[in-house]
Structure formats: C-alpha cells, structure tokens
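Here you go, one structure.
So that you can tell them apart, the chains are marked A, B, C and D in the order they are listed, and the count of residues begins at 1 in each.
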Amino acid sequence: MNEHKILIIGGGPAGMETAYQLKKLGLKPVIIERSDKLGGHLAQWDRLFPASDDAEALLEKMREQCIDIEKRLNTRITNITKENNIFHVSLSNGNSYDADAIVLCTGFDLFKAERKQEYGYGIYNNVITNAELEHYFKTHNDERINEPKKIGFVHCVGSRDVKVNNTYCSKVCCATALKQACEIKEEFPDSDVYCFYMDLRMFGKGYEDLYLKAQKDFDIKCVRGRVCEVSENIEGKLVIKAEDTLLGTPMKMTLDLLVLMCGMEKASGIERIQNMLNIKSNADGFIETRDTFYGLNHTKEEGVFVAGACTSPKTLPDTIAEARAAAVEVFNYLKDNGQQTFSLRF
Amino acid sequence: MRPIFDPFVLPFVLGMTFVLLYCIIGMTRIIFQLPKEDRRKFVRSLITPKTLWKDIKELFNDCLFHVKIWKRKPLLGYMHSSIAFGWFMIIILGHMESVAFSPFKDMQLPLMEKMASNLYLPIFFRFFAIEDASLKAQIYCFLMDFFLLMIISGIVIAVVKKKKPKNVGLKRVTKFGIREDLVRISLWTIFPLRFLAEASIAGITGGSFLTEFIGNKLIFGGSYNETLSLILWWLYSIDLAIFMFVLPFTRYMHIPAEALLILLRNAGLKTTEPRKGYAVAEIYSCPSCGLCIDVCPMSEVKDNYKNTAVYFIRNIRKRKRRRDVKNMTEKCLMCGKCIEVCPLGIESLDIKMAQRAKTYYKIKSDFSYLESCKDTESQSRQDEKSLKTVYFAGCMSHLTPKITRSMKSIFEAAKENYEFIDADGSICCGRPMMLTGKVKEAKTLIAKNTELIKKSGANRLVLSCPICYKVFKEEYQLDGIEILHHTQYINELIETERLNIDRSDKRYAYHDPCELGRAFGVYDEPRNIIDNIGLLTQGKSDKDMSVCCGGSIGSLTITLEERDEITKNSLKDITVNKPDEIVTACPLCLKTFARLSPINVKDIAEIVNENINVS
Amino acid sequence: MMDDIDLELFNKLEALNPDIKTCMACGLCTATCTTGKFTDMSFRKVILMLQRGKDKEAIEKVKSCMMCGKCMMVCSRGINTRNILLSITRIYNER
Amino acid sequence: MIVEGKQKIWADYQKDIPDDHYFYVRSCIRQSFFPGSEVTFLDITRNKLGKDFYESAYHTTCGGIAYHSDSIPQETAMTIIARQFALMHESGYENYVCSCITSFGCYTETLETWHEFPELEAKIRQYLWDSCKKEFAKPKYLAHASDIIYKFRHEIARQAKYKLINAKTGEPLKVVEHIGCHYSKMFPSKGFGGAEYPHVLVGMVEAWGGEVIDYPERRQCCGFGFRQYLIQANRGYSISNTHKKFESMEPYEPDLIITNCPGCPYFLDRWQYVIAEQTGKTYGKNGYGIPALTYEEVAGLVMGYNPWDLGLQMHQVAIEPLLDKMGIEYDPKAKYKGINGKDLGTPINPINIKLQ
C-alpha cells in the first residue's frame, strides 16, 4: 500500500509554490521534476521585470521553502491510471505513487525562434533570443555580444502570429523587452537601442513606469512596427526591414545585434500526460481549464488541478497567485470528498 | 574765522564732478537712442503743464517719499524715505544755510573760486562756518541735525534688514557682489561719519541737539582735537567720493535714473528695444530691491528665483551672455506680478517681449493656408444687420467645453442675438505667437481674425479667454466693435437684469487670471457676479497680488514639474478660507487647476449658467 | 535606409528638450491641433519625421503652427510641445 | 552566417517528385526572351539524362499574366489551367512540369484552392466541359522545371565539362541566386528549401562548383512585379526595385546571377543597361554588367554547350567575361549569327555598358 500523496508535476515556480502552500495546509505534496533541479525557466533568468529584481534571490527563497518537501528530480511520469478517485502514478525511476490529487505545473516552452525563418535565428550570427540575452546578463559570456552600437528588440516573436499558429499574446515579452533594453543600454551606454513593437502591453503594476523609464532615462527608441525580415550584409551586420507604422513609411536599418522576444508555447511532451489524464488542450494549445473565471485551477477531470503557465502565458506574480489558489482548491477538494490524505491528517 | 578751503574737500569735489558728468552723458545717450517719434513726445511732455505737474508730483512721491513702498511695507517705506528725503533736505537746507550764512559772503573771490566753493560749502558747511547765535541759524542747525538723525535712523533699519530680512517682511533679498557691498558700506557710513565730523568740531563751530549735545559732549567730551577732527572730515569726504565714483556701476544708479524714468514714462513712452533707450532708463532704475523675488510664482521652485525680474535686469545691465538673458526671458510666465510690486513700476515684461522679438528663427511661419479658409458661415444668422454680438471662444476654450456650453446657454437665456464665430475651431488669436517673439507672424493671424469678425457685422465681441482678450484689446483694430471678456458681459447682463440669477449659500473663491486682472484691472465684475450667486471668500493674495495658476503660455521653457509646484502654491493661496468651489475666468487656469485642485474648479460662466433663474 | 540619416540636428533638439523621448504617439496633440483644422499638421508626426530624417516634410508642417499651445495642454506625457516646435524653428534650416 | 542553420531548413523543405515521365509545358515569355533555355532543358533531360519529357502542341498560356494584372477573373484562369491538365491527361501523363514560375504559382494556387473549395473545382470542370468539351485529371505531381534540374544536379555535375570556378585562380565563382517570387513565397512547402532560404538554385550552384552569396536584398523581387512593369506609369518602381538589389549585391562582386523565373533574368539583365545609361554605373568589372542567366543556360554552359547555341547573345549584359572566367572557348565572331548561320544584326553600343 502506497502512501497517499498529492502529486505536483513540474518543479518551476508554480510547482514549488503549490507544494509549499499544500505543505503549510498540512498535506503531503511530492514534486516530480524531469530536470535535475527545481526552478524551471526562472533559473535561466538574471533579473525580473518591472524593477530588474534579482531572479536568483526569488528562486533561492522558493527553493528554501521546498527544502522539506519530497521531490523526485530527473524523473518522468510513465503511466497514470485512475481508480476510485485515486491516481496510480508510475515514474521513470521505477517508483510509483498513489495520489489523491494531481496538480499540473508543467509551465511553458519558449517559442523556438528558428521557426520564424525570416528572422534568421540560427543562420545569422548576431540574432539571439531573450533567453540567450538573459544568459549573457548572468554570465557575461557570449561572443556574439561584442560592444554592439545598434541593438534591436523584436517583440511578439511567436506570439500574435497566425503564421506560426500562435494567435495569443504571451503577456510577458513587452515588459521583458523594455527591461532587457534598459539593461543592455546600461551595459553599452553608447549604443542605440530600438524596440520594434506592435502594441506595448504594459498592463501590470510598475510596467508603465518601466516604459517611461526606458524612454526617459535610457533613450530606448520604440518603433511601432513588426520586423518583417532580417538579412546579413557583407560586414556580417544585420539588415532589418520594418514599417514605422506611426509614420506609414518603411524603414530599413543596420544593426549589430537583434534580440528576438520569444513568447510562450505549450510545454513539449505535455500531450503525453494530458492523454494519460484525458485532459484536452484549449485553442492556443495550452491545457484547458474548467472555465475562464471560477475554474481556473481546475481541469475537467476531477482531482486534476492546474497552476501557472501551463494553461496560458503568465507573469510570475500571476503564477504565484495561481499556485496559492490551486493549493486551496486542492485542500477543499480533498475535504469535500473525504479523501484518505485528508482523513489521515484530521 | 575758518579757512575757506581745505584739501579734504577734493575727493568729494572730484567724485561729484564725475557722477554729474556720468549722469549727463548717460541721459543724453538714452534720449538719443529713443526713436524719433518718442523723442518728440518726450520734449512735448516737458512743456505741457499737465504732464509737467505730474512729473513733479511723481518725482516727489516716488523718488523722495517712496509712497508706493510705504503702502506695501511701512517700515521699508520709512527706511527709504528717511534716507532719500532726509538726504534731500540736508542738501537743500545745506545750500540755503550756506547761502544765508556763507563765511565768504563778504569776501571778494574770483568767480571760479566762488563757484568751486559753492560746490563743497553746503556739504562741509560746519567745517567752514562758525555758529551764528541768531534764532534763524539755530533753526537751521536744529533742522540739519533733525534730518541727519532721520537718515541715521533709516540706516539703522537698513542694517537690520541686511542682517535679518524677515524683520522687514521679506523672505528673500537680492544677492550682491563685492562692488555692491562697497557702495552699500560707503553709503551707510557717510552719515555716521558726517555726524562724527560735525560733532568733533561742534564745540567750535556749533551745532544742535545731535551734533553738539549728544555728539560733541558725550563722544568727544566737549573738547576739540584738531587732528582727529580733520581726519574725520577727510574720511567723510573720501567716503562720499567712494560712493560717487562707484555709484554709476551699482544699483544706486537708480537714484538719478529713476528721475529720468519718471519723465520718460509720463511722456507716454514704452520699451521697443531691449537694450536701448527707454529700456536702459528702466534697467538703470532698478534698485535691485528684490521685492519681485518673493512674489514671482517661479520662486516656488528651488533655484528658479534666479530667473526673477531683478536678476533678469541685472543680467541685461551687465551685458551678460545673450544666451543667459534669452533663457531667463523664455522662462518667464509673463504674469506681471513683478511689475505690480515694483516700487519703480519697471515694465520688465516689455523688455522681455522686446528681447523675445530679437530671437532669430531660421524657419519662417507660413500661414498661406488661411487665405483659402472660408468665412465661418453661420446658419443661425438670419439677418446680418440685426446681429449685435459675436462670441469668439478661442483655442483654449475648445478644451473646456463647459465654458462654451455655458456661454451658449447664457446667450440664449439673455435672448442675445449672437453668433458663435469659432464654433468649429478657431484661428489662434495671435497672443501665443506674440509671446514667442514672432510679432509679424502674429499680425497675420490678427489680420485674418479681424477680417472674419468685421465681416460678421456685429458691434460687440465677447471673449472667453483672457489670453485672447489681452491681444484683442492691445493689438486688434476693430473700430466700433466693443471687446468684452465674458465676465464683463455677464456682469452687464446681471446689472441690466437681462439675466436673473438664483442665490445659494455656496462659498466661492475667485482666482484672478493674470491677463484679465493685472493686465486690465477686471477685478470687480467677476466679484460682483459671484456676489449675486453666493458667498465670495478671500484668498491669501487676491486681485493684483493673485498668483499665476502655473499654466501660463507666457513661459516657453518651464517644465511640467515646475508648473505643478506653482499651481499647488497658487491653489494653497486661493483655498486659504476653505471655499466650496474655486471660480476662475480663464480656460487655461481652469484646466491647470483642475489637474491638482482638491476641490471643484469652475469657470465663472459655468456657475452663472448653473444658477440662471429660468422662471 | 536609417543608417544614412544625419541626426545631428535631432540630437541637438533632443538635448535641449529631453522630454521628446517620452512621446508615446497617443495622437492627442494632433487631435486637438488648432492648425490641424486647416492643414495636416501633427506634432507627433513632426517628431517622428525628424527622427527618421524626413526633415523637409517635418519643416513644412512646423511652418503652419500657430503656437496656440493646446497640444502642450493636452499632452499626456507632459511634453513641452510648444517649445519643441520653437526649438525646431531655431535649430533646423529651411532648405 | 551559420551554414548548419540553413542546412537544417533545407532538410526540412524537401519535396517528393518523380524521376521520370513528365508532361512539359513551356513559358509564354521565356521563348522570346531567352529562346535557348527551354530547348536546352529538353535536350538535357531527354538526351543527356535520358528521361521522358512530353510536349503538346495544343498547350497555351496559363493565363497567369492576365490573371495577375487583373485582366481576367480567377475562374477564367482556372479554366485555362484545367484545359492544360486535360491535355496532360489526354496524353497519358500524371506528372506536370512547367517552365514558368508564374505558371507554377498559378497551378499551385489553383490546386490548393480546389483542395480547400471542391465546389469550385466542380464548377471549373463544368466550365471546361461547356467551353471545350474536355475533361481533366489533376496531376499527381506538380513540379517546376528547375526542380528537375535540382533533382539531377549531381548527375549534371558528373557530366560537366566546366565548373563554376574561375579557371585561372581556381576560386569558386560568386553567384547570386534569384528565385521567382511565385516559386515558394506563396506556398513555402512547394519549393525546395522553402520560402526564406530556397535551395533549388543554391543546390545547383554548389553542385557545379560555385559559391552562393547571401546579400541583404536577396528576397527582393527582381522588379517585374506585373503591375510595376506592365503599367507603363509604374515602371519607375520596377527599375528602382532592381536598382536596390544591385546596390545591395554590389559589395560582394558577384560573377553571375542565376534565376529560375521568366521575368527575373530579363529584368535583372535589361535594367542593368538602363541603370548604366541613367546613372553611368555598371555593376560588373571594367564597365561590364553582371550576367543574369537562367538555370538552363548555366547548366548548358557547365555541360559544354556552345554559348551561342544557348542563346546567350540574347542577353543585354555581355556574357564574355563569364565565359573567360570559366575557361569556356567560344567564337566571338559567331555571336550574332543565328543557328542557321544567318546574321542576326549587331546591337548599337550603349554609352556606359560594354556589350562585348
């Protein structure tokens, strides 16, 4: 007889926070993480918008909270069956669990920039992604970033674009772009930094201040218009074309560095788990929630909960809030159904 | 018998000669720099009895008694008039005394010597003459001592003011350099030295209560030490010389310059060039008193007090780099408060406007598109001849539809036959353009508007914006068309009972827009209207002392942050007596206040409209 | 091609009026413009044109400005539009 | 430039076309612009590669130019195309290959449209019956002629007498490849290498020893663009577009431009003359232009065909510098002689660009 647990699939911010809150509610969460450490995408990031807070400090705090929580790293789910409201979960390391509830915190994948072929990622040397720039900020080690004089940021790469089948907004790229623009300008004060945007969606607290700061203090030049194509000139510099839609004229310029703001896509391999649990995707490819308001932490399958960016692109504050909400929802579910885990404890 | 000459008079004689020559040359230069027409006007004013009488009256009132300062700050007034009038009286009495009791009266002296002695004798009379025991002489002695005491009392106040400006009601005083310190100290010491010099010799040559009894008896113990006395007389003379040699290069130049300014002003002259003629007379007349510093709305913002009128004038006078003067000129809000408090009434705004007109703009305006602009036809106009009134809201009023809407409804309530001439957009009145110094371009706009208004056939023009009002009053030539701001118009409607107003017990504070109040003295009409509607509360500084709202388009370069400070300060003044609502009569003030005001801000037309008695 | 544009004058303008940078192209200035009733004046576009090296077109627009200051009153970023227009007429040459 | 990145894309965009048995249709304008090209194509495929390429004398225009210049509606264009398919069907072929990129685009567009809207296909079937009493079958495979050469590029390289290599220096020739817009820009999956980095011509150039250059305006249209040229008032757009491309490729000093579309070699060739006459500027060395050839002409040169038999004298830009570089022997006197030896006449020398 296996111990009854609550299984959290994915050890990113959503998973860590859900686990921590469940533990505080007196339940027994287990985090299943396919990589060798907790943190998800947050571990790849250097600083966080809107105020360039240290990502590592936040991650450290979250990891600390998870110290006493049971974790299975380097582990994948191989099979899930459901019987009398109990999930029998087999893992790749041969272990298995009986779970009273499952919380999917599988997060997202960054859009693969090479799919926007016209931007030449993987073909032209000086085209990089937001994640790579963040890695540069962390390590200062990227030979492509070499005293650039002119830098461009392309917003909405892989988002709001029917040509890559992603019609949704990834929500975090505008603020990330301006944050990174300010940071790279800080690093190379003599450079000119251009942001090519369609709409600047600075919806969150402090985001508009970030926008103003970027303009006023960092002289970031925001150009309304999507970059249509990138090529390389004989000196190996990038030539980009876009329309300045506010003026209605096409513009072409040479850049030393182009940063693609890759948006969020559903996590790869998530369909496998969805199939095991009989859970559908929504039109954007993310996991479908029960509804848009009240059932945001629920799937249509009883006992399977969701938190974070696995259901739609989310910011970190959104994710953390949703993780906390998920913990409460799980708690209520177990209480109402008189599940074993619950009766053991109370 | 005393000697008739002593070398110690020489410094004074030289100083006096220098300062007289300097003033005569300076004055001549100013008069020659005047445009021909102005020069003719000036000469004419001097031979017209009416202006001449005015000249004399003002010379006394302003130069000697400083009536204006008295009115505002009595202690300062006393300080100024005691020194100025006292000194003046000492000079006059000194001359009279020296004529009456001259020790050389009976001597046969060569003409030159006589003239020369006449120059210094009144000043150093006590040294050269021996007391006459006659009553007349005693009276002279008494008066001389009296005025000397008066001056010294004034100087005591001046010293206190310098140390603690707040004691005389000033927050900030002008900052000065070493030269100004020197001249000030020399001025302050003239009369104490004179007192000591006269006191030292009073035992022999006589004196009155101050010099003889207090000075001679108490300080010198009634004795006479010839060397000490001579040293004091030398010091007195040298001090006078220092004062006179430095005077033309300091603020004390305002003493002679003011006299000239009064004459020029009474001749009806105005500044046309920023650094020539009339402007020079004004610039030299500035005593750097700094009264304009505290009242300048810009002083609210740290460091901006350096842009106030006194520093502006000083920079022009010092022929500072053009760019500094230009920056100061462009920063000014043009609210005119500095002029209001200026004891000399120096029209520094005119100098600023003249300076702005000197700005060189490489790109010229082109309003040729206005030629094709059709006469704003009005559908409502049935019979052209019966049209009495046109309403011109102006650009800014289009940002405040509550004003235009209220005006429309007031016109209708008063059954006015009117036409809203710029209902779907104005041609700018030209005042903002004027303020940038582009006078010629402004005239183009003025001409176009003139044409449109004249075409309407009306005989009255009602305006909602004081910015427009100013330029319409000053620059437009709309012969036969009466120009009214809506405060004046509404007031007239109420007084002639064409509009009936309901009363409430609401408390209103009224803010005087600069270009309506200070510029044209329209203070009573709005107050009268408010009296008919509710209760008028007093602000901390009303009417001519009203503080600019901060929104003024007079300033070209002031930043939004700086404007906000001014607005907040102005609001503080207006709401000091806790009104329910703030009322103003300018769309710009309205919009500016509305941003930061804790209570409702309304235009006067709006509150009138709210309270029209329909029955 | 943006690379060939000489922005010396624009940089001068921006140094004198750093608030230019904060424009977010909301279009209030254009919508409220008094001159806009008669011409295609648009302050927002003037700035963009100067930034993109289209000085000539921008100057044509600037010439029609009546300086009324409405754009300054409405600007949601508090930009001193009126003085920027004046600065343009001082810095740029009519060619 | 990261070659592996491109190779990955090329690998992703490969299409399946058969080796043999094609119904071949010619291009309207290529026959008059560069008459040697299609002949050479058929000669290479039939005689050098030993394949079955069938032509029908009843084949007409595909209607593409009329369609793209808004002279005929889509249904008309589709009916014309349906008729060509009927010809193929009647001839017993299933694989359709066309010489023209415009046609290729129209065929692809038509087939895709019918796929999405079968009712339209039924309608066209009726139209074709009503007008010609013909019935058609859709081709099993649709290819562009350059796809065939691409497919056999290595075979051609094996049979080659010359290479795209400078015979004197041994350096590979620098080649600009220009793809017709309608080859894969509309349907990236229908072209070898996709839309952004097409491989069809790159593959040929690299197989035959040349080096492809990737210049900033590579994706730009040649300047034909239908309305830009066909409407006389718009021709300024056409030439300024071409000018932009040459300005962009100039720093790379290309030796040759290879194309796969009827309009492209024409405009890239002829406008060089006009630009030279207008601005005095030539883009080749020593007052010459850059030869702009069709892929058949390049294949022909590589395989040792006589340049004048290939029709290279029909080019405005002199071909001789390229022949010299490749070490191809030719008879300068024979340049303006027709196949039958008859004199074709000699063009008047322009002022700014050398013709021979």
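By our rule, a contact is a pair of C-beta atoms (placed from the backbone, for glycine too) under 8 Å apart; a residue touches a chain by one contact, two chains touch by 3 or more.
Keep in mind it's a predicted model, so treat the numbers as computed, not measured.
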* Asked: Among all the other chains, which ones are in touch with both chain A and chain C?
  -> none
* To do: Starting at chain C, find the fewest moves between touching chains needed to arrive at chain D.
  => 2
* Asked: Which chain is most remote from chain A in terms of Cα centres?
  -> B
* **Chain closest to the middle [Cα centroid of all protein chains]** => C
* Structure fact -> chain A and chain D have mean C-alpha positions lying a whole-number Å distance apart equal to 46
* **Averaged-CA centre spacing for the pair chain D and chain B, given as whole angstrom** => 86
* In angstrom, rounded to a whole number, how far apart do the mean CA points of chain A and chain B lie? -> 67
* Asked: With chain centres defined as C-alpha means, what is the inter-centre distance between chain B and chain C in Å?
  -> 37
* To do: Can you tell me which residues of chain D touch two or more of the remaining chains?
  => none
* Pull out every residue in chain A that's touching 2 or more other chains. => none
* Asked: Can you list the residues of chain C that touch 2 or more other chains?
  -> 19
* Among line, ring, star, complete and other, which one matches the pattern of chain touches? -> line
* **All chain pairs that touch each other** => A-C, A-D, B-C
* Structure fact -> Per the touch rule above, chain D residues touching chain A in the complex are 1-2, 4-6, 8-9, 194-197, 214-219, 248, 251-252
* Asked: Considering the complex alone, what residue numbers of chain C touch chain A?
  -> 1-3, 18-19, 21-25, 44-45, 48-49, 51-52, 54, 77
* **Of chain A, residues touching chain D in the complex** => 114, 117-118, 120-125, 229, 231-234, 236, 239
* **Partner chain C, residues of chain A touching it in the complex** => 200, 211-212, 215-216, 219, 221-222, 224, 244, 246-247, 249, 251-254
* Asked: In their complex, what parts of chain B are in touch with chain C?
  -> 330, 359-367, 369-370, 373, 395-396, 398-399, 424-428, 432-433, 435-436, 438, 445, 551, 553, 556-560, 588, 591
